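Pasting the structures here.
Look for chain A in each of the two complexes below; its partner is chain B in the first and chain C in the second.
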Partner chain A sequence: MADVAASQRRGELGTARPLILLALLALSCCAIFLTIGAQGNWSFVLPIRAPKLVAMILVGHAIAFSTVVFQTLSGNRILTPSIMGVDALYGLIQTLTVFFAGMLFAANSNSMTLFLVQTMAMIGFALALYGTLLGRGARDLYKLLLIGVIVGVLFRSLSGFLQRLIDPNAFVVLQDRLYASFNTVETELLTVAAILIGLVTLAFWRLLPQLDVLALGRDTATSLGVDPVALMRLSLGLIAVLVSVSTALVGPVTFFGLLVASLAVSLVGSRRHAETLLAASLIAVICLVGGQTLLERLLHFDTALGIVIEFVGGLVFLAIVLKRGIR
Partner chain B sequence: MSDRHILSLGCLGLVLLFVASLFIGAGDLSFRTIANGEMDGEALRLLLVSRLPRTVAAMLAGASLAVAGLLMQMLSSNRFVEPSTIGTTEAAGLGMVVVTLLAPGALIFVKALVAAGFAIAGTAVFLILIRRLRLKSGLLVPLVGLVLAGIIQAAAHFVAYRADLLQSLGAWSSGDFSMVLQGRYELLWIGAMLGSVALIAADRFTLAGLGRDVSVNLGLAYERVVALGLVIVSAIAAVTVATIGSIPFVGLVVPNLVTMTMGDNGRRIVPFVALWGAILVLGCDVLGRLLRYPYEIPVSVIMGVAGSALFLMLLARRRTAHG
Partner chain C sequence: MIEASALTKLYGDSRVVDRVSLTLDQPGVTAIIGPNGAGKSTLLSMIARLLPIDKGRAFIDGLDVTRTKGSELARRIAVLKQENGLLARLTVRDLIGFGRFPHSRGRLTAADRAKVDEAISFLDLTPLSDRFLDELSGGQRQRAFVAMVLAQDTPAILLDEPLNNLDIRHAVAMMRLVRKAADDLGKIIVVVLHDINFASCYADRIIAMQEGRIVVDGPAAAVVTEETVEAVFGLPVMVREIEGQRTCLFRR
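Showing the complex of A and B:
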């Protein structure tokens, strides 16, 4: 109830200010990332840094959107796609394709078709699994959460198991995919990713009013003329696309979505998805680009950003649980 | 069936697995050569230096991990915890990274000791955290444990990454018996001995499992019993991590399956938990050797799949009420 009071107090203008500040901060992070320590020829610096920057913006945006919407669907601020094992599912699908298709893909690896096929499979599985899990409603939230976490562990273990059975040459191909990082982004994939994320963002933008209504609760939403089940199916499918794209680009990051979404909610404190989504997306870009700049340029750690995010995000999760319990 | 019958049946199964484990593997050693008395020095060496220690190590690790899981469940009054899901194992791994970084040449015993220290600290943090939980939901406790384990794991990864120890950390965090040779696993006996202490003090742990207020009322030195349990669980986790690496879910699945049929009386069930733990881990190890013969699949990988699937089944069975 505190959010409602806060948003009423701040009104329309009040939420605009933090958003503008966030946007400025995100822009300056990007500018610093592109220019810091850059000497000499721009035609040399830009082609190296720009794809990395674009990848980070895309991934941050995808994770922020998927998390905030997933939290609305589950009616809870602590469930996120990655905590519920969605990106582990994507890893399993990747492993399965290599396992069954084997060297076929390794030989003429057209990463584009492979990626699209996997994304389709991902949408199907995510709908089947999470549609049933969330469909029953969050009656026993802890059970849902624990099941999600263990399902994630099961998917990861199954992937690990299958990887042991895979032909070593095919495994090398898979390993590159599974352990992608911001330093080894595939430029070819980047274009497809940008297009997909753009389309999903547009779709979500049109769904915003309905999501706002759904956030009032399932029963209220139904009486206001929104079909919660249909909306949930559609949104879950879109979320599956976002998670596929971000995982394909940089691999799984468990707690990042939670970190970003809770920061966005506490900063903007709005029930309107447009504002929360925008804020979450901007915060994600700030965290990723700013964090990467800080670690890479100032502290000279190379690929440790994921580990740091995991550490901080885990602490945030514990803090939320210990302070308020789960709402 | 009485306890005695089940116990003897289980023992029979363990003996069969034991014999199977001695004769299954990439090296050439068949039952017939031994039966015909045609055993040469090479075969004998393979048996005594590799197969026998490996088999014993799997049994010791399985039994002590299962007992450690049972203890942890009693201490936190929750069925869904075990050393590898609450940060104990991860903290032991962090300890191994730190001691390898500071004193690379230290004896394995010293390293295990440091790892045990870290494990105690990690488990203590978990116990403190769950005491501070406002909502005493039975399922929030394992959740907090899993996240704490993730945080400690991230810290270990970070240190290992900076110190170029990621490969060693990988070995500690994924249990595998293929490297077990004579002279490299004996530390596990310490874990087994600590497990027997748990058998002697089982009635106290059962009482402590009823909660602080009840057990103090019944005249139990609650804090001391909890401290003893903490040390036993952490030391078992530490010696396992130091010798063969962590094996997930053993301590969770085995005690749950046993208490489901036999109830919660600690003194009665500890021998069964140890026995089934040994059978499970040795069985998974033998399976790992067979599935992709002559290559091997580490026991931790098999337990990860089997354990998480069983865990999900346990969760589904659990009534929505408190448990």
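Showing the complex of A and C:
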């Protein structure tokens, strides 16, 4: 009886409290990251740390948003947008750059042009592939994603093949870029990335009520006046922008989105996208900024945070699959 | 008003719905009966634009369902599917609130909330309104989905087997509700039913389908006869008048 009463109350229970806690935690992580061990050398410390912090916030937010929305579109809580093959293309572009332009260029090529070219190529690829297929009236998203997986495998094999031909020194440079890292982000890229990610966030914000409806299933959404195909096409396009920008900025991240999305769902539920997305973004910032602070300052560990996070994310993925089965 | 002209659905070579035409322009309850696989759900889904139409046309209030904006149609016709799956974990009240989406676009006003409360009490869901759907029994969940359809407050309503999973008390309550919505609120309601007795007692009109075609269409009393039911289901039955209720019983 007490059980029933408790679960009856759970429905009304606000999600405000966990969200406020997450926000406070995220803010403290940011503050600690900026100030720890600074010893008053602000003019030296801030210009180094601030861009890194902005990069982590941007990337964390982009990954959190894209994963939560992608899971709604696919109706599946163990998928992430990396299944679309966008970051496999990133790997291929990186490999091609190093292969053809050589190590020197690659080492010095973290420039605006390369960033823009990469971002455009990835967005273009995603829009071309998914836009055309959806435009042809493909109703089955899984079929679409399967094509994405196959294209992704193709890109990866191609990269793998080229990587064998590259000279070992260049390969080291390349490998560095194939793991997400926040140590090498350039300040001028941040502005562009922030504008793009900001615009996509605004666009998504207006779509949230429709995404809430889509989570009821395609047919129910249709009958409530939401066009699932149109919404899906638009959202996949926006997701492609988020993934492309964040990948071009720091490198590919696969499991991290899954980690933050499932944490967010378990903390604030999935009743409103506004809440789930906000929670996921905050959790992403906490993980990235908190994780980087821990690694850098406390453990004096220079491994790219990306690797650690992928590892943890991978474990969470396995845990979810084992616990619930593939759903 | 619901209108279908020569609606056809093909899967490969088989005509699952075969040139079905019908007009429903009066408030009232129309029951669709017929054996499994007769094409009842397919017909309803095409009218409700949930399935593409292969041939023929369907109109709601004179609007072609394949050409009209979805948000426009959502204020004119609501549909309950035979099966419903959810990704989000929602409470009963959340779900029913979504029924107001065509009117509120996601921002519930006081009037919307009143409609939601009305639907909740209509379907006897008040004690369950803050429970999560995945914590309910099949019949309770079914009632929650019907409440959502009701909250949508459209002049035309299509219900595909709304009595699924319901016990006899709730089944009768559901049919009374359907009757009331037609009589008091002037709604046009189409229900797919497997229990001929519910169709016989609550529907004004019964349409029987077989292999994608309408084989009988008429007033309830005219359709529920031994010959017709036997022909539609291929099963010998007895039809008797019991205290003014025309009742159909299978033969052992």
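Structural remarks
Convention: the second predicted complex is superposed on the first by the 228 of 327 C-alpha atoms of A that agree within 3 Å, B and C clash if a C-alpha of one lies under 4 Å from a C-alpha of the other, contacts with A are read in each partner's own complex, and residues count from 1 in each chain.
The rule we apply is simple: a contact is a pair of C-beta atoms (placed from the backbone, for glycine too) under 8 Å apart; a residue touches a chain by one contact, two chains touch by 3 or more.
This structure is a prediction, so every number in the text was calculated from the model and none was measured.
Using the contact criterion defined above for the overlaid structures, shared-chain residue A:269 touches chain C, although it does not reach chain B.
Legend: residue contacts after superposition of the two complexes on their common chain; A:113 is shown touching neither chain B nor chain C. When the shared chain is aligned, chain C comes close enough to touch A:227, but chain B does not.
Residue contacts after overlaying the shared chain place A:216 against chain C, while chain B stays out of touching range. By the touch criterion defined above, A:146 reaches chain B but does not reach chain C. After overlaying the two complexes on the shared chain, residue contacts for A:308 are found with chain B alone; chain C is out of touch. After overlaying the two complexes on the shared chain, residue contacts for A:28 are found with neither chain B nor chain C.
Shared contact residues on chain A (touching chain B in one structure, chain C in the other): none found.
Remark: chain C residues 45, 48-50, 69-75, 77-79, 81, 84-95, 98-99, 101-102, 105-107, 129-132, 135, 152 touch chain A in the complex. Interface residues of chain A facing chain B in the complex, by the touch rule stated above, are 139-140, 142-143, 145-147, 149-151, 153-154, 156-158, 160-161, 164-165, 254-255, 301, 304, 307-308, 310-311, 314-315, 317-318, 321-322, 325-326.
Across the interface of their complex, chain C is touched by residues 7-12, 71-72, 75-77, 208-210, 212-213, 215-217, 219-220, 222-227, 269-271 of chain A. On chain B, the positions that touch chain A within their shared complex are 80, 129, 132-135, 137-140, 142-144, 146-148, 150-151, 154-155, 157-158, 161-162, 248, 291-292, 297-298, 301-302, 304-305, 307-309, 311-312, 315, 318, 320.
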